[in-house]
Structure formats: structure tokens, C-alpha cells
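So that we are looking at the same thing, I have put the structure below in C-alpha cells.
Naming follows writing order (A, B, C and D), and every chain is counted from residue 1.
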Amino acid sequence: MIRIPNIPESVVVKHGPKAWPLGLAGAGLLIIGSLLSWSFDPQVLGDLSISFNPGALQIMAIAQSVLAIILLLADKGPLTSFGEWADTALALRALATWALLFMALVLVAITVEAGGLVNIEPGGWISFLGAVLVFASSRLVLPRETRDLGHARLPDWSEILVIVILMAAILFGTAFALGLTDAWEFVLFLMVVTGVLITGVRAGLLTWLGHVTTRHKRVLMLAAFAVAFLFPFTQNGSDANMSIASQVLIFAAAAMGLNIVVGLAGLLDLGYIAFLGAGAYVGATMSTSAFATIGWKPPFIVVMLVGGCVSATLGLIIGAPTLRVSGDYLAIVTLGFGEIFRLTMFNLDGNNGPNLTHGPNGVPAIPDLTFGSFNFGDTHTLLGIPLARFSNYYFLLLLLIAFIILVFSRLNNSRIGRGWVAIREDEKAAEAMGVNVFGLKILAFVVGAFLAGLAGTIKAHQDVSVTPDQYIFLESAFLLAAIVLGGMGTVAGVLIGAVILKLLPEKLRFFADYRLLLFGLLLVLMMRFRPEGLVASRRRQLEFHEEDEELAVRVEGDIAEVVI
Amino acid sequence: MGIFDQQNLDTFVQQLVNGLTLGSLYALIAVGYTVVYGILQLINFAHGEIFMIGAFGALSTSLVLFRGQTALWVLPFMIIGAIIASVGTAVLMERFAYRPLRHAPRLAPLITAIGISVFLQELVRLNYNHVPFTSWNPFNLPDAKSRIPFPQIDVVTGPAFQIGGVTIQRSAIFTIGALLMCAALLWYFINRTKTGRGMQAVSQDADTARLMGINVDRIIVVAFAHGAVLAGIAGVAQGLQNNNIDFRMGFLAGLKAFTAAVLGGIGNIQGAVVGGLVLGVAEGMATQYIPGQFGGSPWKDVWAFVLLILVLVFRPQGLLGAKAVDRA
Amino acid sequence: MTVTAEAVGAKAPTGVPLLQAEGVIMRFGGLTAVNNVTMSVSEGEIVGLIGPNGAGKTTFFNCLTGMYKPTEGHVRLSGVELPPKPRAVVKAGMARTFQNIRLFANMTALENVMVGRYCRTSSGAFTSIVHGPKFRREEAETRERAQELLDFVGLGTSTDHLARNMPYGNQRRLEIARALATDPKLILLDEPTAGMNPLETRQASDLIFKIRDSGLAVVVIEHDMRFIFNLCDRVLCLVRGETLVEGTPDEVQSDPRVIEAYIGTGTDDDDEAGDTP
Amino acid sequence: MTAMLEVKDLKVAYGKILAVKKISFSVDEGQVVTLIGTNGAGKTTTLRTISGLIRPASGEILFQGKRIDATAAHEIVIMGLAHCPEGRKIFPKMTVEENLLLGAFTRSDSGVRADLDASYDLFPVLGERRSQPAGTFSGGEQQMLAMGRAMMSRPKLLMLDEPSMGLSPLMMKKIMQTVKTLQSQGTTILLVEQNAQAALKLADKGYVLEVGKIVLEGTGKDLLVNDAVRKAYLGED
């Protein structure tokens, strides 16, 4: 977090009254500057060289200044009633800091990309000056007493409207972000998003949103699915982003299955990718590929079930040692199983054992799925918008994810889920209270494996080929990281984690080489500073902060809420 | 043709020697897992990387200071270089990644360890031959993205000895010798010095050890450092044996060494040595004697993992560990 | 002392044997922690287990509840031999609490008790996922019964409190409620008043009488002599893993062997005399 | 008489919840001072803070006039303050003698051997079983070992946390007698007990803790006859 030393009180008191006009002027300058040209060179950062035709970055700058104006007006002016609830001063400080950073980085980017400071047009400087003024004003705004926004309630319809608007913002934000092809633009966009999020946190809005979404869980789920469903329609038939999106979904599906094992049952599985692999190999070897080694070619739905069951059987085998092994040792056992799976797939090439998998070459040329006359490889047009191959897989995977979420949350909120929490808390005591510890652990492995197996069969067709090197330990670590990053035991967390871990590397090609390095660092830093993940399950948060009594008191109500 | 004819016996002894060599390497690394686990109950999953970095430390010393000379006197300097690199990494890792997690739930350090492991591998892969974010390579070091030849030392890597039908590589003698010496020194340290006794106390109850006036933080650093010294030496041994090293070498070796540590009873130093040797010999024998399609070297890692799982499931206290007595 | 068995209208023990432990021996390596202990508990009876630390009381509890498999001996509940599996023992009708409270700290009071219902419900994964009728019925019943039990132990208003946030005395009560949720015929309490002040201790004995009056048999481990002799119908004194004396509180209290090995000679006021080593 | 240990306005927090809420007390040289109170009153937390295992949120701890609230635990031991922890915490896999020698970890003088013999004199049971692993001992024997071990650092002040916990009444009396013996040999003692009766009887001074606060203080004799104490801690009506 960026900390800027506070300005001495005397200065604030003396110049405080100037903060408001100063801020408005700054925001105005920022907007005016953004409408002018920023750069002489039309080739860099999209095109920022034409006045009154703002490019993506200029739109972001304008959005930030509009937000700043809203906050200023809430502090003093027509929106003060809103200002009574939200901590506008802190929010403005956060926003202004990030906006200034944004503008500074934009100028740096232009300088670097176009080769020299001379490439910045006056518009750029005007916007920068505006950002500086907003920043200065934000330092002079005095915080004031606010009511607790966390407990504010609006009429139901308007709360639902908020959710819908939020989801729409996510939809268009994502589509917008994916449309950015320039890495600088993408990074700057992420900066804006971060800035806005922090502004929301500072204003107390995010906490409030959290409460709103728990009050309207169903609406949230529906809206989220609607957004996910609508996403392909924003892509205008382009399949490039849909390819990434369907990769993200496969990854998310597997991560969600793993989350049952790790997040709910509390068992660390370091070989989980093997379950996805088992499904994929079933899908591949039972496909109509010329290299498929199994003669039986049932309809795909049967293949899916077979894949799920083969995986589940493996889950049963891998879960069996939990009868005697737990904790770190279990993690190592699962790691061992994962490696055995990969090596076995690698070896079953006809020379070292029967030919099942074609060894390191794998099973290539897996044909696209067909349901009746619907071929997943073809482009279909719906509502005038062409939906190509990856869109088709995307919709199928969306169905699968919906199913996985259903399984996950229903199990979590049942007798079985309670049993899992009890095992996580104190295994011996759970056993002594009559909880079937071994059975529940096995169940977690089997259900998790089954779901991954289903996903795997689809993955085989989507990827066209299946090879052992797709199922190395690192992939298991990635899945685990998605859970850790997003938040153990929560659906939203894992989805966010999966998106971050799969999307960022795809969009940020320039750091492709440093991807793994940063990934390793990220894991270490997460464990150090926020081990419960970005969207933490309340209970998991407590488990990671055993000694924080205050937190326990604070979240008590939330946990009770989840129960009922 | 009897079972004990000369050729069979030679093959057997040959595999035994190979197994002991491999086992010594495992044992050297395994001690690091065991010492740290004994004190912190932490599986330092990144220990394999310490071993890898040791090998790179030795390589760098040789290339930078001695321009790849092959005289025997270079070897001690290479070992020192390896130890500096591995101990430095281990101590930094303890200080900045593990120490803040001392009271965190067990999942946190394990995931941290995975993170460190990936981070260190990538650090070496990307930045070995140049200063980060530049292409400046003052010592003209080789690119670490693929295998790098390891400098050969005349006396230690020269022609093999031939005793009857059995071939003994000189590097094997180096490895086994290194293990024997390290094990003896370590045994002396743990059982005969004050710091060693402090280590034992911390491993049983850290808070109470504090109340005895033992500086627990220091003891933990010492434990990490000890493991790293042995891993660094193992890195040199591995380089001399295989003639090359690469940034991935820590993963499998680390996993095998961990198996060895568990096999011997994790937390128990003699156990790590015995476990390493047993695992090495078992692997050698499996390569030779498991018949049919599932034998031979393609499957040897599979059998090692099967052994790991069997040990964890059926004898988690290891070969030398006694079952913990749970008193009321 | 205000609370006595009579005061809360105790029923006399019916004399039907409920729990029979015969010749239980538990050895760890060369160490014999429990040596040939025999104990029987009748319906509606409160039996106390006393003895110095390390006498094997908790180990004996662990043998009864299937946490340890006794080296030798039998444990029968209502005449049926109990297998050495905690889960089976709970199912058969014997529940316990722990010496060092072992609640599910990050669950609410209600959830803790609901976990206790686990062995009396049977909704599987499938019905849980489809929210079948059985699932709905069992969930509602579980919740209702759990709330009843919280009311019973006097925690009716702490339903949504996290176990870790509750005061120590309430945690002990919650542990008892959780054990009761398994519908036991017999409940084993391991030092239920450890760390309590005299007032809380009295409340604890009231609760135990109340449990007995609801038809359960109770076995209690305690160090507090006053508590145990006031509460129990019968007392066993274990020393070094063996039964030293068994009898009514009065008999045990005045037994010279117990005084010598456990209580010590003299009144509370001597500390000048004695055998300073 | 100067205070050997002085605790001023001590606050200790877990997260942001205070376990010890601004307490002050002192222990004079040669005295036995006791802190009594029920579970959760903050007694153990107080001792662990004094010996440096926990850092205080605020307040001062002075030992022989020097501030030790920011000093590392192992350095506090060297200064002459020993802490015999709750639940004994002997090293179970080590022998009696090894345990005792660890007690003298901070010392390098030649008197260790003599002190070892002194421990065996004080607790003959330990002498008889000096080469047995301590984990096989009974609770009372372990308590003796823990006390002997703490004495091996030649402390000026010995803090005992619940020495009577889980012991038979008989063994408890023995332990309390030992406390008196140690005092007569010149060790200052800070005793934390739940067994108020036994503790107050031998204490020169006593403090009563309730949920993190000192609610009463006085000489041991005064507290023994104090009405509130009799009701709440001695179980008398």
C-alpha cells in the first residue's frame, strides 16, 4: 500500500477551504486535457493523438475525474447526503493518488514507446497538471464523521439494481480489458481498476456491497451467470478472447473441484491435476481420433461419465491413505500419486507397457464434439452475432461450472459440510462426536475427482490433443494457487483466482518469461500478508488468524448468517 | 548357471555400488529436510532448490575465479562457493519467508515453500547469466535455460577404477566420502556441543527452550544452515557425477531425498542417512531386477514414488523412528 | 453445601448394568497405563473416577470410548461388546467430553451441537445436493434439537456465538451439549470443572444432576474432592493404573489407602509438619 | 527494600482483545508473591509476558530496576529470572540429567555440577532416576523436575505457573513445601495458582486477578480471611 505522509495540521486548517475549488478545477483540467491530444505519435498506446476523439486511456482518465467530482460533490455540495454515509475524504485520497500515478505512468509510457519526452502533446501535460491538483486537494480535505455504511439498507429493488449495474460494469469492463491489445494499456487499465477498488474500500462501499450481495445471493448468482452467458456476444465473433475464456473456465472448473478437497475438507492435494488428466485421457482415448486406443465409442455424455468415474476411482485410491496419513504427509502422498500418474501416462507407449497413451507424443487430432447435428467446431449465429468454436465450448463449460457450483455450495451447507468443518477444526474431536472422518475425506476426494474428470473430457476435445506434459506438478500448484489467491472455500474467490492466474499471463505477453517467477513470489507474499485469499470465507479467515480475537468477534454475526 | 556365479555377483555388487552412490547423494540432501522438520515441523519443500543453487554456486566459483581450471586444489574452493550460495539462500529464505509464518496454520508454510521453490528455479533459469533486467554478463556465464556442463576435476572425475567386474567412478568415492564425513561431523555437533543440545531442546518444545535461555531464532537459522551446507556439498557431488547441472535438478532430487528422510524417520538425523542409502540401493536394484515391461529405468521413478507412498502410509515414523507414545 | 442429590430430587440408581468394563489393560510399549481395571455403571448412576495425575484415568476413558484399543479386556454397553472405534461407540450410545476443551472453535455454538447430531442423521451427498425431502426434514430436526440442547445446558441465548468467543465456563457447557446431541445413554465427563471457580463448579454439578435426571448415566473424572463426593453415587480411585478402592463417597473418603496415596494425611492446616525432602 | 520485579500498567493483547488490562504489581526480594484467579483471568499471560514469550501492548516491566519488556526471552533468563511454565513442559525424550543441564544452558561456570547435586538433594526421586527419560514420569515427578530445572539457572526470581495443577492433594502439599524451602534458601518467588488456599497460605503478598484486572491485593493472611476471596475462590459460603 502506498503511504504518503500526512500534511501538517496547521497547513490543512489554513488551506482547507481551498481544497474543494482546487479539486474541482483539477478534475476539470484532467477532463479537458483528456479531450485534447496526448501524444504526437499515433502509433503508441492505441491512438492518443487526435483531439476530441479520446482513446482508451483518455476515457479511463475521464472516468477517474468524473469519480473524483462525484466524491467532491459528496463532500460539499448537492451529494452531501451520500457523503454522510461514505468516507469521502479517505476515498478521494486513494483515488487521487492512483489517478496521479496513472497519469505519471501514461507519460512515462508515451516517452518510452514513442522515444522521448518531446512526444507528449500539451493535452498530456494539462491532464497531468489536473491530476496533480486533484491530488493536492485530496490531501487538504478533512475526514469527517460518517455513519456506518455497512448497515445501510436500501429498498430491495434498488439493491438489486446495484447488483445488476455492478455485474454490467464487470461485463463491459472485462470485454473492454480483453479488447486492449497493448500491454501498457492493459496494465494501466488494471491500475485504474485497482485504484477504483481501493477507493471503494476506503469509502466503505465495498463492505456495503458485500452485505448487499449476501442479502441477495440468488440475484447475484443469476446476474453473474447472465453476465457470463452474455460475454461471448460482446466479442463480435472473434474467437481469440473466447479461446482464453474457455481455458479460464476449464481451469476454474478444476480449481473449484479442488476447492472441495482443500477448501472444504481441508486436505491439501498436490496431485490434483492427475484427475483432470485422467478425464482428458478418457476423453481422448475414447474419441474418434485416429490415435485413440479404445475401440468403444459411446455418445459423449457417456464418455463424460466414464471420465468422471475413472477419475473418481483414482480419487478413491488417492484418498485411501487418508485413513492413516494426514497433514503434510498427505500432501506429499498426493504429490507422489500425481507424479506416478504423469510418469505412467508417459510410459504407456507400447514399449514400456501396453500402448494406451502413445507416451510422450500423446493423443493428437481429437475431433470436435458433436451433439446431434450441432458441431462444436462450426460457427453458429445467434441474434445476428456469430459464435465460433471456442464460444461453443465456453457455453458447455459454463453449464459444467454451474453444476460444480451447485454441488459445491449444497454440500457445503449440509450435514456433510458441517462434518468437513468439524474435521478441519479438530479431527479427533470430530471422530469422538460420531463424525465419519474417513468417509467424509474420501467423499471429498471422490467428488472433487469426479468433477475434474468431467472437465477433463471436455478439455481433451477443446485442446485437440492430450499429452503427459500438460499434467505436471506445476499445474497442480497453479490450481492450488488459484484457490489460495482467490480464497479457500468460496466460489467467488476461486473464480477470481482462476481468472487472475490464467488471464494475466495471456494478456501480458511481455512478462511471459517472468510469469513463473512472479507466480512464485505471489504465493509467498500471499501467505505472508493475506493467507486467507482475496475473497475469504469467514471461517477460513478465522482459521488463518487463530490469535486474532478481535476478528473473531467482528465476523461472528457473518458466520451465523451463513448457517441460516 | 547358479545364482551366485561371478557375473551375477558382479552385477549385484555393481548395482549395490551405484545404489550407495545415489543413496549418499539422497542422504546428504535428506539431512536438510530432517533437521528443519525436527525443529519446526516444517517440510521445507524448497530444500531441493537449495541443493540446485549449491551446484550453481560451485559452477560460478569455478568459472569466475578459476576460469574452469581442473586442478584438484580448485575443488575445495568450489565446495566453499557452493556452501556460500546454498547457506545464503537458505538463511534468507528462513528470514523472509518462513519466520513470519512461525505461528501460521500449517498450510501456509507449505504453500510458501512451493512458491519459493518455483521462484528460485525461475530466478536461476532467467537470471543466471546476466544481471536482472539487463543483458550485462560480466563473467560470460552460460545460459541456464538448458543443461550446463559442470567443470571436471582431474583427480575426482578421471577414469574409473575397475575392481574385478565392478566399475567404481571416482566421483562416487567423493560422494560417499563426503557423506561419511558430514554425517560424523553432524553427529558430533548435535550430541556433543551446547548448540547441538539446544537444537534438541528446541525440537521438543520451542517455548520452553526459550525459558532455558536458548535463542530459538538462532537455533532455527543454524538448522537451516546445516541442511544447506550438506545440500551444497551434494550439489557439487551431483555435478561431478553427471557432468552437467540444470535449474530443474532440485525438484526430483529433493522429492527423493524427502522420501529418504521419511523412510529413515523424519526428524532423525541418523535416519536420514540410513533412509537415503536404503532408497538409493532400492532404486538401483529395482532398475536391475524388476522384470518385464514395468521394470527398467523408465519406471524407476514410479517405483520410488510407490515406495514413498507405502512408507508414508504404513510406516510414517520411518525405519528408525519409534512410534510416539501418547500418554494420558 | 447446598446442592445434594436429594435437593434436586435424584432418582435412586435402578441397578441395571449399562456399561461394563472388564479387566481393561492398556500398555504403551513397556509402560502399563491402565492395569486390569473393572468398572460397571448402572442406568441413572453417577460414577466418579479419581486419582492422581498419571493414574491412567484419561487413558481409561480413551479405552472406553474407542480412542485406544485396549491391550486386553472388554467394554460392553447394554451387554453388547463395543468395537474400538470412537464413531461406533458414539453410535452405540456413549459420548464424552475432553479434559482440555476440544470444541470446534470457529463454529458457532449451534453448529457445534449440530455436528453432534451427525451420527443420528444419514442424509448422503446425493440428497444433500438435490435438497431431497429427507435432507430438508433432517436439517430442520437437527437444528431444532440442537437449539433444545443449548437451552437445556443454559446456552439458549448464545446460539450464534463462535465457540472460541465464549467464556470458559460456557465452553464446558457447550461441550456437554454437543455430547448430549449424540443421544447417548451414558456420558463421560473428563474434568468438567477444571479451572472453574466454586460458583461455576456448583452450577456444573447442578447440570450433571439435571442430565442424570433426564435418564442418562454419568461417569466423571475430577480432582475436586468436594465436587466428586457431593455428586457421585459411587467413586473409583485409580492409582498407577490400578483400582485402589471402589465404593460410596463416604467409604472412599475415609479409606486409609486413599488417604495415604492420594488425599494425604492431616487437615488442610498443616504445612509445617511433613516430609520436606 | 527495593522491588526485585515491578510491573507497571501492563497491557497484553491477543489481536486487539486485551487479555491483561493494565495491571501493576511488584515482588520484593526474598518474598513469595502469588497471583490467584480463575481460568482466563490472565495469570499465565502475565507470566509469559514477564519472561518475554509474549510482547506487551503497553506498560513497563522492571527486573532489578532494568526494563525487560522488550528484551528477548533468552536474555531475560541470563539476567536471573526463571520461569517454570504451566503444565511442566519438561523435555520428554531427554533424561532427567539432560533436562537439568538444559536448565543451566546459559551458564558456563564450574558450579553446574554442584547445583546438579543440589537438585538431587532437594528432590531425591530425580537423583534415583537421573538417566531415565523424563516423559515416563508422573505429573508430580515432572513438576519436581521442572522446578529443579528452573533452579539450575541460579535464578534470583523464580516464577511458578500452576505447580499444583492436576496433582493429587498429597503431591500438591509436597510441592508447596518445596516452594517454602526455596524461599528459605534465598530465592524470590512469584507463584501463580488456581488453588487459592494453598497459595495464599505461604504467600507474603497476594493479588487477585479477574478477567485481566487486579481486583484485590493484600498480604496472604489478609486475603485468606477476606470475605470476597472466601466466597469466590475458597468456595465457602
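The rule we apply is simple: contacts are C-beta pairs under 8 Å (C-beta built on N, C-alpha and C of every residue); 3 or more make two chains touch, one makes a residue touch a chain.
Being a predicted model, the structure only gives us computed values, none of them experimental.
The chains in contact with chain B as well as with chain C are A, D. Using mean Cα coordinates as chain centres, the one most removed from chain A is D. Counting C-beta pairs in contact across A-C and across C-D shows that the higher total falls to A-C.
Chain A and chain C have Cα centroids separated by 48 Å. Inter-chain centre distance (chain C to chain D, centres taken as mean C-alpha positions): 31 Å. Centre to centre, using the average C-alpha position, chain A and chain B are separated by 38 Å. Look at where the CA atoms of chain A average out and do the same for chain D: the two points lie 53 Å apart.
Annotation for chain A: residues 543, 547, 549, 552-553 touch two or more other chains.
Of all residues in chain C, those that touch two or more other chains are 31, 54. The set of chain B residues touching two or more other chains comprises 325, 327.
Here chain A touches chain D in the complex through residues 545, 547-553, going by the rule given at the top. Of all residues in chain B, only 43, 97, 100-101, 103-112, 114-123, 126, 251, 255, 258, 262, 293-294, 296, 298-299, 301-302, 305-306, 308-309, 312-314, 316 touch chain A in the complex they form.
Chain A contributes residues 406-407, 410-411, 414-416, 418-419, 421-422, 425-426, 428-437, 443, 447, 539, 542-543, 549, 552-553, 556-557, 559-560, 563 to its touches with chain C in the complex.
The part of chain C that touches chain A in the complex is made up of residues 65, 67, 86-87, 90-91, 95-96, 98, 102-108, 110-111, 114-121, 123-125, 128-131, 135, 138-139, 142, 159-162, 164-165, 178-179, 181-182. Residue ranges of chain D in contact with chain C, taken from their complex: 38-40, 122-125, 136-140, 166-171, 173-174, 176-178, 180-181, 194, 197, 201-202, 231-237.
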